[in-house]
Structure formats: C-alpha cells, structure tokens
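Each in structure tokens, the structures are laid out below.
Look for chain A in each of the two complexes below; its partner is chain B in the first and chain C in the second.
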Partner chain A sequence: MALNRKIAYIDLSTGKIEIKPIPLEVRRKFLGGRGLDAYLLYNHTKQGCDPLGPDNTLMVSGGILTATLASATSRCHVMAKSPLGGMLGSANMGGFFTPELAWAGFHHLVIKGKADKPVYLWIHNGKIEIRDAKNIWGKTVTDTQWAIREELGDDDIKSLVIGPAGENLVRYANVMTGIKNSGGRTGMGAVMGSKNLKAIAARGTMDIKIAYPKEALEYNKRFIDQITSAKVNQTQGTLGTPFIWGATNSWGGVRTRNFQYNQMLYADEIEPESIDENAIKTIGPYHMTGCFGCQVHCRAQYKIPTGPYAGIYDEGPEYTSQGGMSSEPDIPGLENLLVCNHLVDQWGVDNLEIGSIISWAMELYELGILTDKETEGLDLRFGNAEAFQEMLERICFRKGWLGNVLAEGGIIASEKIGKNSFDYLIQVKGVSNLHSDERATPALALNIATASRGSDHLRSRPAIDLYHLPVDVMRRIYSSPVPYDGPLSSEHTEYIGKPWQVFWHENCYMGVDCLGICKYHTTFLGATLPNFEDWSRVLYYNTGLELTPREIWDVAERSNMMERLFNLREGLTRNDLKKGDMLNHRYFDEPARRGALDVVGKVIDRKKFEKMIDELYEYKGLDQNGVPKPETLKRLGVDKEPSHLL
Partner chain B sequence: MEPMGKVLAISPEKCTGCRLCELVCSVFHDGVSNAARSRIKVMKWESEGLYIPMSCQQCQDAPCLIVCPVKAISRDEKLSRVMVNHDICIGCRSCVTVCPFGAMGFNVIDRKNFKCDLCDGDPQCVRFCDMKAVDYLDADRVAIAKKKAAAEKITAAQRQAVALESESH
Partner chain C sequence: MVNEKEGLSTAESLRKTRTYGQVRCHNPSCMGRLEPKSGEPTVKCPMCHMEWRVAWVKEGFPRIRGPVWDVNKRLAEEEFGRKMKEVKKDGPK
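This part shows the complex of A and B:
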C-alpha cells in the first residue's frame, strides 16, 4: 500500500534514526510530497535559524502516488529554509529516485543536525544506514552516483546527490539525480552540503499494493491517451522544453542582457530546431528520454558537437538553460549553451540562478559598478562566452573575490558590491527570476511576485493565459472544483480576472506536488490535461483513499497556507523588496523594447498590480498585509500550528 | 502456411527509458507496483543514454524448457509462448541459470520463478508504450520495418548519385 510508506527522522549530529508510520489523519490533510513537507518544515524548524547551520531541517519526499499507476509519478520534493533568501526553500525534480525510495519503504525523510564528517544515507528495504562518504566527497554529480553503485555493488541503486557546488555551499546549489534531473531552486544542495550529506542512495524491492489494479490500469491508459493527444506534449516530446523558449522569444517574453531587452536577436543557433538538429546528428532520430512512467519524455539527449568538450554526452538543454546561458548573458552560440548546460549538470548548480546572477554581474560591469579590479581582469561584458564560462567555474568552486561574492546569491552579493547594484537585481524573496520577462503579461508578473519560493514560474504561473483561450473554455477550467463567476479575460496583457487564475494555478500545482505528479501532466502548458477530477479517481484506484476533487483542492490550499505561514514567520512583509510579494522597480519603470506589437512599450501598471495583489490576498483569505485572517486558518484547519502531528 | 504466432518486437533505439512497461507488468500480474516483479526490464547505460528493454524471447528451442528436470516448462503453440506450470515446478532455478537473456526471473518474496506470458495475447507493456519501443507483431513481420528503412537509405543514396551525375553534365 502507498499508505503504509513511512517517514524517517534522521539526526546526523547524533546518528539517531527513528522510523514512524504516517497517520491517515495527516494523509487526508496533506496527502504527501510538498504539502506534507511544508507542514513538517513549519513544525521542525525554529524561527530565524541559520539556513546553513545544523538547526535547519531538510525534508526529502515523494508524493502519495509515487510509483503507482497515475503516470509520471516520480517527482521528488526537497524542502528546507532557503540559504538564498532566508525564506521558503523548495525544489522539485523528476527522475527515478522516489520510486526506488518508495519500493524501499519510505515516502518522507526529515534530516536534522550536521554530520562531523562527510556521509551519505543508504536506504534499503525498510532500513537506513549512515555511511562514510570519504570516497565520494569531491566527485561530480554523475561520478558520485556511479561510485555509490560500485561501492554497494548494485547497478539499480538510485541516488540523490550534490556536486562540488553543494559541497562549496554555493547558495543556489542543486540536489540532483540521474544525468540532469535537478531540484534546482533555492539552494537545497547547499543545505545538504552544510550538513556534510553528500548523497542519499535508495534501492527497494518492497511491493506497493495497488488498491484496484484493474481500474488503475484502465484509468491510466485513458490518462495516457489524454496526455499524448495534447499537441503541446507532442511538441515537447520531440523538441523538448526548448520549444517554449523558441515560442516565448518570438513574441518578446525572454529576458536579454539581464533585463535590458525582452527578446534575443540573432538566436538561430539556439532555436529549438537547431538544438534538435544537433541531437539528431549526434544521437539519432530518436533522442528523447523520460522520467519514470512518463509519456511526455521532454528531455533530449545530445553530444557536444565541437570544441574542447566535443563528444561529451549530456541531456537537455532545458529552456531554462537557453535563458540562463544564452539569452540573459546574450551569448548566441550553440556550443556555449551545450557546454554550460553540461558544466552546471556536473557541478550541481541551478542553471537559471547562476545564469541570472552572472548576467546581473555583466550589467554591473558594463555600468562600471563592477570593474576590472573586482573581476580580476576578466572582461565580463555581455556576449563574452569565455568570460561567462570562467565565472561559472569561479562561482561553483568559490574562486577569487567575485566568484565568492556571487556564490552568496543576489541579496548578499548586492550588499557586498554596494552602490546601487541591488536596483539591477531581478529577484523576489532573494531568488532570481528565471529568464522570462513579464512586463507584457500581468498574470505572470503576479505569479512571480507572490510565488512562495521567490521569483519562479512553477508555483502559480497561468501559462495558458498566453493562448488567448475563449472565455467559455477558461470558465470551464477555472470554475472547477470551486465555483468562480467573477470576470475572466482572454487577453494576456489584461489585469482583469488574473488574480483568480493565479490562485487557481497555485492550488493546481500544489495538488500535483502533493500527489507526486509532473506539472506537464496538468493544466500548465496544455488546457486539456488532467485535473482535480482525474486525480480524485487515480488516488482512489491506486491507494484506496477517497478524496473528492474539492477535498484535494482543500489539501492544496491548506499546504499553500503552511508555506505562507513559514514565510511570514521568517519575516515576509507585503511590499518588502527582499522578503515580500514585490517586484523590482524595473518592471514598473522600464518599458519593454522589443517583441510583438502588443508587447513593445509595456510596463506593469503599479496601481493595477497592487489591486491584483489585493484581490489575490482576498481569495487566499489574507488581510491587506498578506497575513491570514483567523477564520481562514480555522477553515483550513491550521489554526493551531505548530501542531506536531508528525 | 499456418501463422507462426505473434512475438514481442523490441526496438531499443525508440525506448525513452521511462520503465512504464515494468510498472504495468507488475500491476497486471501481481496487483502491485514493484519493478522487481516485472517480467520486462529496461537495461540502462545512463552515461551514454542507452536503454534496452529485455524480456523473454519465447525461444523455439527454449533452454529453460530443455533444462527443467521435472518438465514444468512447456511451449504453448497457440500463443507461441513458453509457460511454467507452478504446480509441477520444484523451484530449483535451473531455468534462471540457463536462460541466455536473463529473462527468467526468481521472486524472492514468493520463492517462485516468473517469466513473460505475453499477458495471454494482450501484452500490457506494448499497450502502454507510446513509443512502440516494445511492439507485438507477427513473427514474420518483425524484419519488415528494418528492411524498409534500409531500402529507403539505398534509394536516397541512389537519388543523390543520379543527381550528382546529372549536375556534372
């Protein structure tokens, strides 16, 4: 049974390991995955703890449907207080780790304390062992995984690891598994590094009983037909995520030269078709690879075609790499993109954070805020691929003054660099925005401003807002499972109805994160993909747990509230530029310069933006300062937190 | 001529490595999710991006059938498959040792061997594989796709040669 998967508390300071069942009452409230992690984070961390100290608690989990027949149920979630902005830290990745964790008997790990020397965890059929990591410390992401398999003598072991960036406490280091599955945002790799925890290895052969196997199989088949018939998934399954970058860049939604432009010109070499052409040339006509049980298979395989790294195999590049390595620093070459994508995969660092940070430094260099003295002679101008790659290395290995400063993340770096460097930093809650430019899309701007883990697209982005769907189609999507009869607009440059969309997607994405399903299998990029109704069915067929679509929505809303409560406890205030639901002034003051006719000249209207936030707060049951009203907490059943149920 | 029966036709180059085949196999046969119970297994060389699904080839001259000391293994000609009768099987694992493909499994939980039975003619791995990296074809049709692809290459080369010839005149 999925429901008998356990939770383990691991104290690395004392070596004590405690294994407990997860009570049904808790399952019904939070299901699992990110939702339950949010509850655990609030209950197991002290206010104001040092994110890189032993008091921070690291949660690792799979969703309640991990490795069951709900398709793409491999999402692994990692949560802790973030060393990047000091707020909520949360990252999510696919791959094959959590199925192995679930077959080994576990859904949730709560890791506390700090080991006195490098260690890794070995989880095997109900048992957990803390092992010496002296032979794997210092290794790259993939070498670490292969070395663990060799040491334990089993090729089927799946590991969650950190690379050199995590060991070096780069505040936006990844947690990774496989070749390139990355829990990338908010520096969870640095938290692992700070605990001297190099890896978590899992292998299991324990049955997960499916409650209604026949129904689960048949419903899954229906699911798959629905997923593979969506045009957006067919495109993703052949071109990979770069197709999103291609589409977005064409209308002017891609940050270029940090935030100076919203479209990259002369980008032929890194367009999705060019990337695909290289994959065909170096791998073959079939070059897509997928996570556990997924039919979208959005990840391409490739070999680097030219230069000193020629012939090296990797996967991707994802569209976030196109943003971080190409458009933001304005470097048009394919080789640079493929090489940088490989380096971040091997060193274990967030591609979009590091790309964003270096591009910010490039702007500061061109403005004279950073000089040759700080860069130690490095010509850090936009478009300089060599300088970009050099900076990548300096940051991951903390070389030189600037490498060390930028490794601290935008907020600390801006304090050390001084002058008005902070004004140019495109971040929310200390987390850099991905490469998208939201000046022409108020719904997306509202999403990044209010996302719980900082400026990020995977928390509440109404991406389908760009499709200009007819209002009646939108109404069908947005008035279920809770009724909504307010205004909706098909126009992506509008402000009307967007707060409800952001609220709806926030709960939709939290829903899949609790279940452990990938966002490409829900209303993220495709309007026809599975939703609350389908999840209610697959949850029942696979686990026997009966929750109505509305009850799953409530789980999501409750879990989002736990994240909000955590952020408020760590100092979230509505308009604070470093800890609030607020955008950089450039969104309001600098008009977009390139792109489609309805994009050029656009800024976010500050008054309308604030009205959107007011409205979103109302839907979320918050007062005008962003603090939950007592009746909201009561309604969601989280009015007595921390309640220490687990 | 009598039809030879259908076989699993595996095209490794199409496999995305998602392992859904392993999941549906264990759910269909045992009602549980557990890759260790799957009759089909995707072998992986991750650092090269190579994935190869491996399953029973339902051999004509099956080594497992020949080696079985109690004649628990037999051929079912109707579905062109090799079957184990667990009422007779003594669990000696000789078949596991002798199979050249490693396709005969031994389940340590139930202490029984297990192998692909083609799901009685509707293989679930095929039904769920969107890439058709695992397909279910008449045995005499398996080579046709490859034949066609090779022929296409030859035609393309010939056309190029003709084009070059006419250009030079």
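This part shows the complex of A and C:
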C-alpha cells in the first residue's frame, strides 16, 4: 500500500545506498512530501553549510497519496538549502515522475555528498543504481530525458533532470521533468548540478495497494465533480494559467518595468485568449493537456508561429512566463513570450527569477547604475526583446561579466554591482517576487513577506480574497477545521482579518504539499474546492490512515514550523531585508500608478503592515521577533528537534 | 468510519453559492456584479464607469478579458492626478 513506499539515502561521495521503511509514527506527524522533507532537511543538513557544497542535502519526494486512486497526486517536491537566498530551498512540480517513483517503490530520496564525475540515478522496482552521465551532461532538458530512455531501452522511463543552467550552477536553476514541468524557485537545479547529479530516472511496476478501493473510487467521483464543476477550473481547462495573469493585469496587480508600474498597458497580444488562439492555430482545438491523474488540464500545447524559432513545439506558457518575460520587462509581443518560455524550459531555469532579474537590470541600466561597459554594448532598455533573449542566454551559460553576475541571484549581484542597486531589487529572503504587485492587496503583501521560501505566491497566498466573497461564506471556510470568530473582511484592499487568512492558507497549502495534491485542487483559486475535511476522507479511503481534518491541520502547522526552524537556524530575523519577513521599501513609498480606480494611488501602510505581522506571529505561536515560543514547539511535538527519527 | 464520512464537506456545500452568467467589476471596492448580454464584447460598470472587454469561456460563461484600454487608462490617470494632489495638500498619511 501507499504507506509501504520506502525512503532511500544516497551518498554520492561514497556510493553508499541505504533503503528504509518510513515509520507510521513519522507518517502521522508529517504525512509525506514537503512536510516530511522539511523534517528531513532540518535533521540532515548542517547549520551554515555551503548550499553548493557536498554537505547540503537534497530531498526528492512524492506526497503520501502519490499514485493512489486520488486525483491530481502527481506533485513532486524537491528541497535543500537554497543557493539563492541561503535559506529554505523548496520546489514543487507536476508531471509524471513521482507516480513512477512510487511504482518503483519509493516516496522519498535523501541525496548527500557529491559525485566525482557526472552521474545519474536509475531507480527501478526497489533498486537504485548510480550510473555514469558522461553521455548526457551538457544536454538540454528534453534531450536528456530522451537520451536516458534510449540508453536504458525503455520509452516509459520518467526522469527528473537539470539543463545547462543547473550544470552551470545558476543559483536559480530548476529541476525539470517532461517538457515544461518545472521545480522552480530557490535553485534546486543548481544544488543537483553542484552534486554532479544530472538526472534521476524512474520506472516501476510495483502495485500500490489501496486500503478501501471501492470507497476510494466512489469518493473520487465526488472529488472529480467538485474539481471540474468549479468555474475557475473550467477556465483553467480552457485558457490555462494565463487567465490569472489576464485577470490580474486588468485591475492593476501586475508589476511592469520591474516595479515602476502595476499594469502592462495594451497587452492584448499576450492576453490568455490570444495565447489560446495561437494554440488552436498551431496545434488544434484539443490543445490542452494535464499531469498524471488530473481532470483540469491547465497546460496548453503550442508551436512558435513566427521568427527564427517558428514551428518549434512547447507547452505553456504559464502565467509566470507572461510575468517574467512580458510584463516585467515590458515586452508586448507574443513571439517573444513563446520563444523565451521555450528557452527557459530547455535550459532549465526559473522563468520568474530570470525575468525579474533581467527586468531589475533593465531598470538599473535606464538609471545609469549599469552602463554599456557592464552590458558589453547590449542596449538593455525595457521593451527590447532581442536584448532580453541575449541576457537569458548569457545568464544560463554564464557568458560575460553581467551574465555571470546576474546568474548569482539578486542579492549577490547587488553587492557586485554596488551603488544603490539593492534598493530596486524586488525580493524577499533573496527570492524575487512573483510578477504580481501587492500594493493594493495587503493580504497578498503579508503572504509574500512571510513565505518560508522567500517572496512567493504558493506558500500562503489567500487568492480567494480577491473575489469579494460574502463574509458568511468566508466565515464558513476560515473557521474550519480550527474555530475562528475574529474579524474577516470581503475588501481585499483592507488589512482586517488578513493575518488569519494567510495563516489558514499557509496550513492549507502545506496540507496539499504533504498529500502530493496539486494546489489547483484546493482552496487556492476557488472557494468551493476541497480542503481539510475532504482530504481526511480521501486519505483514509486510499491509505487507511485515519486523521481528522484537525489532525491534518496539525500536520501542516508542524511542518510549517519545521521550515521556520530551518530558516531561523540559517539566520532569519524579522526585519532583515535580505533574510527577514520584510518587503522592499517601494511597497511603502511608491504609489501604484495604473489599474482600477481604487488601486491607483495605493501603497502598503507600514504601521498596519507591521501590525499584521504581529498578529500572524501570534497565530503561529511565535514571539514578536518571529521565534517560536517553547510552548508552541511542545504543542506541535517538535520541541526536541533534531530528533533523527529518520 | 466510512459512514461518518458521507456528509457534504464545507467546500461541497458552498457550490450552491456560485453564480453564472455574471462577472464582477474589477475595481476593488466596486466589485459590482455585471451581467453582459450574451456574446457582447464589452461591458460598462454602471457604478464606477470603468469599462471592460469581455471574453466568453463558453456560452453563458463570461469573463473579463481586460480593460477597454483608452477609457480605463484615462480614468486611472485622472484618479492618480487627483489623489496625488490630495497627498500634496494633506501630507503623507
């Protein structure tokens, strides 16, 4: 059954491989996926280790429900200390890899040390081999996967790989699988590269026993109905994630020209319907596809319609590519978006981070902080598609002074560039902000400031706060499974009640990350999508593990605390602009200039913002410095960490 | 255990609160419910006067595609000018 999937410890320095069961006691505390990875990271990584050195430990996992009869359980989680911010590194992606890993017998891999030459792991039906990767090192993301299939003689092998960016230790390189499934943010691809680990290939035919198969199937029908009947998922299944960018840009929540504006004007060419029209034209009407076991099908397939890359196939673009490649650098053309999306997929780099970093450099260039000397003659002004694509290549292959410096990530780059370049860098904990602009949405600003892996929308963003839900509907959602009778507000420009919403979503998203379910199947973008109550049922029917909704909440809260403990151990302090829960001064000082009438002129009120952080800390059981109180650690059962149960 | 789990969850029970055929104005404190006529490419909010282009996910399922650029850009510029004058007059709050 799902509960008998194993954990493997792989030391690349010595070649030693150890396989162990995962005790039920540990499952009940952390379930699997990101939660258990957070526990393993805290227990297996030395404080202050070099993120690109052999002492960093890399975790790869599926959730506890991976490859069961539950829907959308394809998520793969990767965790290590981040080479980008020096704090928590965490990446999550869909695709088909983790079900294959589970069928091969494993839910968790713990990878230590460094191989003395490029290698890849071959995992098949309970066995793990370390193999020479000399024939695949240097290849792009998709070429690597096909080369492994050819070498091992099995077209059904699924691989987790790095591209040239990971090999070149670009500090925001991705781990990738399939054509565009990206374990992005925080540079987990660079950690793989630093270990000389090019890929992890899996193929398995080991059955997974379901605890109550009839009930699991019956319940999954309900689950699927819940998923597919949601308006948000019907839109996703038609337009993919670009619909989010389109909606956000229309009211003025998209940062443009780095952070100078909050809306990309006349962006018709890259609106979701335009992207969809190209997909219909180049692929056909049935161009939407999906990950393992998912009914949403949010991923478009397309071909580049024009220019030197015309005819090349790829998938996406996701709304993060629209942000990173189009609105942040203010480049309106569809061709640029589709080409850049293809290049980052092939080279294996974070579209958000690289787009943000180049847009930041563009602002520095226009301000004269960077000059033609540093750009080596490249005209790095906003709107220049050619220059943007050239910088993508220079960074991924570390070409030239600026390419090499920007490959180090924003904080190190700002130290090398000097002057007041750091003032313009839109980041938290070393991680560039998503392309969104939160000056009109305090709840979302609180989310990015306090997210455990740095500025990020997938850790605690109360996205449904934007829907103006009636307070009684909000009350029903936010007072379960833990009672809450505090204030709530339907106004997303308000500060009232937002800390509780952020706290609730932080636990909700950790919950799905432990189960291995996609966030589009939970209360992220749709108020009627499943959460704790639904998960309790699906977990029981599939695994036999009986946890109440409240107990799943506790697992999530405990796992979030493990991430907090790791960050504190690595130097998190509340107001530190590089390692703390704090936003760039521009959020407080520069009013939003575009968008809907009630967005125009908005800044984040610093006093109210700090009060929100106080309140959030209180809910999380932290003191005013953001450090957990002893009674909180005891309540969550993590007061004796590291406990080395695994 | 299995029988205990048959009732509707909160998320399931919220389904009846969904509305179809309508979109909300994207102006945050307006958020008025707009009901574009079937197939119409634009809709104007009667409350705040912002105008939106409409796309149809399918029949009876509209969504806001984006602003009517010239109209909403002008409104935003006027509003920004007005608010900045207020800030200048009253000082930062």
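As a convention for this text, the second predicted complex is superposed on the first by the 646 of 646 C-alpha atoms of A that agree within 3 Å, B and C clash if a C-alpha of one lies under 4 Å from a C-alpha of the other, contacts with A are read in each partner's own complex, and residues count from 1 in each chain.
Here is the rule we use: a residue touches a chain if its C-beta (ideal position, glycine included) is under 8 Å from a C-beta of that chain, and two chains touch if they have at least 3 such contacts.
Predicted, not measured: the structure shown is a model, and the values here were computed from it.
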| item | value |
| --- | --- |
| First, second, both or neither for A:Asn625, with chain B first and chain C second | neither |
| Broader residue contact with chain A after superposition on the shared chain, chain B or chain C | C |
| Partner chain in contact with A:Thr371 - chain B first, chain C second, else both or neither | neither |
| Partner chain in contact with A:Asn125 - chain B first, chain C second, else both or neither | neither |
| Touching partner for A:Gly246 - first (chain B), second (chain C), both, neither | second |
| First, second, both or neither for A:Thr548, with chain B first and chain C second | neither |
| Which superposed partner A:Asn420 touches (first chain B, second chain C, both, neither) | neither |
| Partner chain(s) touched by A:Met206 [first = chain B, second = chain C, both, neither] | first |
| Of all residues in chain A, those that touch chain C in their complex | 212, 215, 219, 222, 226, 229, 231, 234-235, 238-239, 243, 246-247, 249-252, 265-268, 271-273, 440, 467-468, 470, 473, 476-477, 480, 491-493, 523, 527-531, 533-534, 536-537, 540-541, 546, 591, 593-601, 605 |
| Complex interface listing, chain C residues touching chain A | 1-2, 5, 9-15, 17-18, 20, 24, 26-31, 48, 50, 52, 55, 57-58, 61, 63-67, 69, 72-73, 75-76, 79-80, 83-84, 87, 93 |
| Complex interface listing, chain B residues touching chain A | 13-14, 16-20, 23-24, 27-28, 30-37, 46-49, 51, 108-109, 124, 127-128, 130-131 |
| Footprint of chain B on chain A - complex, ascending | 67-69, 71, 96, 99, 103, 142, 146, 178-179, 205-210, 213, 216-217, 220-221, 224, 228, 283-295, 297, 301, 313, 315 |
